[in-house]
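Both complexes below contain chain A, partnered by chain B and then by chain C.
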Partner chain A sequence: MENLSELQTEAMGELFNIAYGLATSLISDSIGMHSSMYVTEMEIIDIENLADTIAGVIDGDKEYYHVSQVFLNYLEGETVMLMSRESAAALTECYSRIDDMLDDSSEEDIKSCTLEISNIITSALIGRIADLTNTEIFFQPPEIKPYKTSEIHDLRRGSEFSQVIVIKVIIDIDSTEIKGHMYVLLKEQSFSRFKEALDYFIEHYAG
Partner chain B sequence: MTAPNYLDHILNGAMVLDEQCTVLFWNHWLEIQTGIKRGDIVGNSLYDFFPDINKKLIERKLRQVYALNTPAFINAEAEKYLLKIPSKKISGKIYDYMLQNVVISAYDKKERYTLFMIYDQTSLLEARVRLETSTRLLEEQHSLLQNTLDFQANVIFVMDDNKIVNYNNNFLEVFGYDSVERVNSGERDLLSYVSAEKNENLNDIYGSFNNFILDSLNRNRLNKISVADKNTGRETTFLFSVRKMPENSTIIVSMTDITLLQNREKVLQDINLELSRRYEDKNTELKKLNFDLARNRDQLRIAQEVASIGSFEYSCATGSIFLSHGLKIIFDNPDIAALSLPDVLAYLKPEYRKAVSDKVALACREGGDFSAYAEIVSKKGVEKPIGIHCRVFGSMDEGRRLTITMNDLTNIKQLENQIKDREQLVSSLFDVADIGFVITDRSGVIFRVNSAFLSMTGYESDDLIGASLDKLHIESYKSDYGQYERDDKDALSEVTLTHRNGAKLYAYMNVSTFKGQDEDEYRVLALTDITDRINLLSEQKEQEQLLIQQSKMAAMGEMIGVIGHQWKQPLNSMSLILDNIKSDVEDDMLDMEMLNIGIDRCLEQIHFMSETIDDFRSFFSHETVVSAFDLKSTVNNTVRLLSPLFERHGTKIDIVSELDKNVYVTGIANEFKHTLMNLLSNSKDAISSRILNDTRFKGRITIFMSVEDSSVFITVCDNGGGIPEKVLSHIFKPYFTTKGDKGTGIGMYLAQIIISKKMNGSITAENKGEGACIRITLPVS
Partner chain C sequence: MKILVVDDSGFARRALIKLINEQLEGWAVIETGEGKQAMPLFTEHRPELVFLDLTMPEIRGEDILAEIKKTDIPSKVIVVSADIQQKTREIVMGLGADYMVNKPINAEKIAEALTAVMI
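Right after this comes the complex of A and B.
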């Protein structure tokens, strides 16, 4: 994996597994159903390749939600979660099983659930790094909108982002498979700090 | 609980709840927005005041806050609000309730108190809704405008600072579908797509399309430009007008396709041009016709003079006549002032006048052209034969006019006489020639023969004139005569034809074809009698054959010598064996075993002698068939036969052959053997002369054989002292010999005939080294 040593790559996987464990536990508690989360792919790419990478996983026949959330302070960057409307509706249906105020055909409810799950995953991932480095990271409210290719190209243009952590995640809630693509965009300095955090993790927790 | 004072001064809502959602803090902003006093709500459950709150949602959010130690959020767009607070807006209200973003974070982790920060997003979202509505309306209007633009027949586009900001479909069709992207990216200026009238280089003048447009705008004039279709290259011409928007730098350009109009204008111009050109052509043609008419009149006058023709026009109705200049010349009276037909007829000899006068009267009465012959007496008293031809013009009703031409035949008569004289001359030459001539028409019918031909064939002229050429039985015949006597083989053909008495005649025949002026074809056969020469040739061939036979006989004499020599040894041996047997019988010493040995030895000698005789017979067999034979074995056999005798005469024969395979030549093998034997015999004779002078002299004959391309070379060289230079060029002539009475003088002559004429080769002689070399060249079969 680019810019990460083998040990750092392993540490990143370990760290994210902890984060997903937390997130899964939280989701299970929230909806009262068994859930699990799998990371099927994880890589670090250059911001220049983001658009092509996304184009490679997007099914042109489907609508997608684009949830973005900015985080600041020790680590600065933005998470982008792409989830097909199909998966988002399935997620809402799972939530509605314990929350009768939710309707999986309501656009607002689908957005609400998508925002929530995206926030949970972002918080779990980035929050673990903050915990690990004993620093504070501020989260801005997440935003949701329909996915447009042009906006991905805009991310590349004129931004300070340099590296992207690409994570393909599958959430399995009571045998309902929900797929999402999470992209963690980091600024150059934040990426260095992320690597420092990984080194710290290796030093204190690994092995 | 106590909360920081500043929470009362912020323009957002802030409340602190415990885990059971009991309100612990309620800030001033919330008091104002909800109308619920802090004193009333603090200590009570939030749900009591806001029963519509989604408890499950709150529970999930709180769980997240404490599980992940990160804030949770409620989104105004998705969940609308946390607290149902009626909107305070009076005008322009879209939402009935305040839309809220809520940030939920841990306030006191230990006590699990949670801070809810509530942000009013109503105005923002309402603004967004209005913006979306405006955008939608704008898009609709833009779409309408675009449709209107697209509906226009003109090319319309909007430019701003050299960039195309709007355009209709026609624009894309004219400039190309990638033109907007190319122009706006700076890759290509729109000016590069267009060309102006009079081939002005717009790019050099203006630099950019924007400048070009501005220039035409400032000069307030209509401009024409052309755009070439990038696929077909066909140019479309546009008239364009420009309008500049007053409030900014935007320019609207409208282009009207005037190609069709321009084409029509051009067509009209072309038609006008064509009409004026045709008018000019006709005018020129008319002038030319007038000129030609005048010239023709002159030419007619000159032609009549040259051709000795004159004419006059006669009006049957009025009796008036008009005489041409030519007629005046024929009459030898340039000043003639004939006013009537009788004035003209007066020049005719009296015996012709009435006949011509009657014909003229008949032509006037009934029409119909006529011709007549007459003779006139000119003013100078010269009698002239005249051909008269009359053509009638017009009908009886409109008054007939006669054009009567008179042709002075004096020169023609003279010419006819000359031709007759020449014909007689040619005819006499024809008859005097010793070559037979036969002239036929295209179908082979004889219409003229000369006396030489009649003499050659024994026919009378009447036998052949009008008869077919087949009567002479002319057939192609190829005699050997041509080979001997003629170089120009292709000019003539050799034929046989039959004499009246049935005898066969040989002749050279040359056929020429002539085309007469009447397009008829004539064939002239010229025949030269060569019967005597052919007969002579036949006799010559017989003589040659005789010579060959004589040569063969001479060779036979030579061969008898050879056989004599070949037999001498076995005869001596047999004589000795028989003597021994006789002695042994006499001494009573002969037993059967010894007798058998003696008999076997004798039989061996007899067998050897028999082989010699077989060779001899083969050598002299009367072979006449021309065929391909193996050269190498033929030479070897001949040498094998002659070697013993030659060696006895002190001469050794060697064969040096470069032939690595069988080489075949065509001819009669025996004739070639005789030729070779002749050459070897000559060498032996020359060597014998040297041996007479020096008994120790060793004679040597070497036969070299080699092949190159399609020729084989046989060279017989000896060391017999060579041929005297002065006789070298005569050795192939008949009856030429250097051996005096011992030679016949036909050996080399026949060798040349056999090699050159019968085997299509060549034979040459030269002196080389100690003797002579005879070189034979033959074509390989």
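Right after this comes the complex of A and C.
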């Protein structure tokens, strides 16, 4: 994995495991059902390779939602979550079991539930890093729109970002598998700070 | 006296084993990062204590726990997981776990767990 030592890579896996444990609990609380979350793949790539990486996981026959959320302060960057409409509708169906006003065929309701889940995951993940480093990270409200390849290319052209943490996650709610692809885009200095946070975690957790 | 540690994260295993070694002198620690190796190691070594992660690729910790409890080996099982849901705790305890510790672990949590299972 680029720019991380083997120990830092292992620590990142464990750190995200803990963060997703928190996210799972928050999702279960919000949905009123027991859920599980599995990280099936994780890697760090250069921003230049983001569009190709996404192209490799997108099924051309499906529609996807693109949820983005900017975070600022000690770490600066943006999370991007891609979720197929199929998974987003399944998620909405789960939420509708506790909120009978929700309609899993309504575009607005699907967007609302997808935003909610992305916000929970981003907050747990980035918030955990902030906790570790005893710093504060501010979040801008998340935005959702239909996925367009051109906008991923724009992220690269914006060129503020250097590295991307790629995380494939499966959320299992009542045997319904909801798949999402999360990308954490970090600016150069923030990536250095992220490595410092990992070193802190290693020192205090593994000794 | 033997302890089996099952966790797919090498980082988490090392942290746990370091804490175990600080608190239990003279115990032999057997470890694996592959959930599928857990039962063969368990039946081979017949450990007095097992530390078991839940979320692992290929096989869930819950399935390993159920298998362990089906045997006649009287091991204590401490589940170590980042999953903090009460429902998960209920499921795990229902399967026969002797204690559950939430990650991230530290010396106090491990000491409490060892005391709880009377090791």
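In the analysis below, the second predicted complex is superposed on the first by the 206 of 207 C-alpha atoms of A that agree within 3 Å, B and C clash if a C-alpha of one lies under 4 Å from a C-alpha of the other, contacts with A are read in each partner's own complex, and residues count from 1 in each chain.
The criterion applied here is as follows: a residue touches a chain if its C-beta (ideal position, glycine included) is under 8 Å from a C-beta of that chain, and two chains touch if they have at least 3 such contacts.
Every value quoted in this text rests on a predicted model; they were computed, and no experiment measured them.
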item	value
Overlay on chain A: chain C relative to chain B, clash or fit	fit
Partner chain(s) touched by A:D199 [first = chain B, second = chain C, both, neither]	neither
Partner chain in contact with A:E86 - chain B first, chain C second, else both or neither	neither
Apex chain A: angle to the C-alpha centres of chain B and chain C, given in degrees as a multiple of 10	110
Partner chain(s) touched by A:L22 [first = chain B, second = chain C, both, neither]	both
First (chain B), second (chain C), both or neither touched by A:E10	second
Which superposed partner A:D172 touches (first chain B, second chain C, both, neither)	neither
First, second, both or neither for A:D46, with chain B first and chain C second	neither
Touching partner for A:D103 - first (chain B), second (chain C), both, neither	neither
Minimum distance between Cα atoms of chain B and chain C in the superposition (Å)	11
On chain A, the residue positions that both chain B and chain C contact, one per complex	22, 25
Residues of chain C defined as touching chain A within the complex	9-12, 14-15, 18, 55, 57, 81-85, 87-88, 91, 102-104
Residues on chain B engaged by chain A in the complex (per definition of touch)	54, 56-57, 59-60, 63-64, 67-73, 75, 77-80, 101, 103
Contacting residues of chain A [partner chain B, same complex]	22-23, 25-26, 29-31, 98-99, 101, 108-109, 111-112, 115-116, 119-120, 123-124, 126-127, 131, 139, 141-144
Residues of chain A that touch chain C when the two form their complex	7, 10-11, 13-14, 17-22, 24-25, 28, 34-36, 38, 40, 202, 205-207
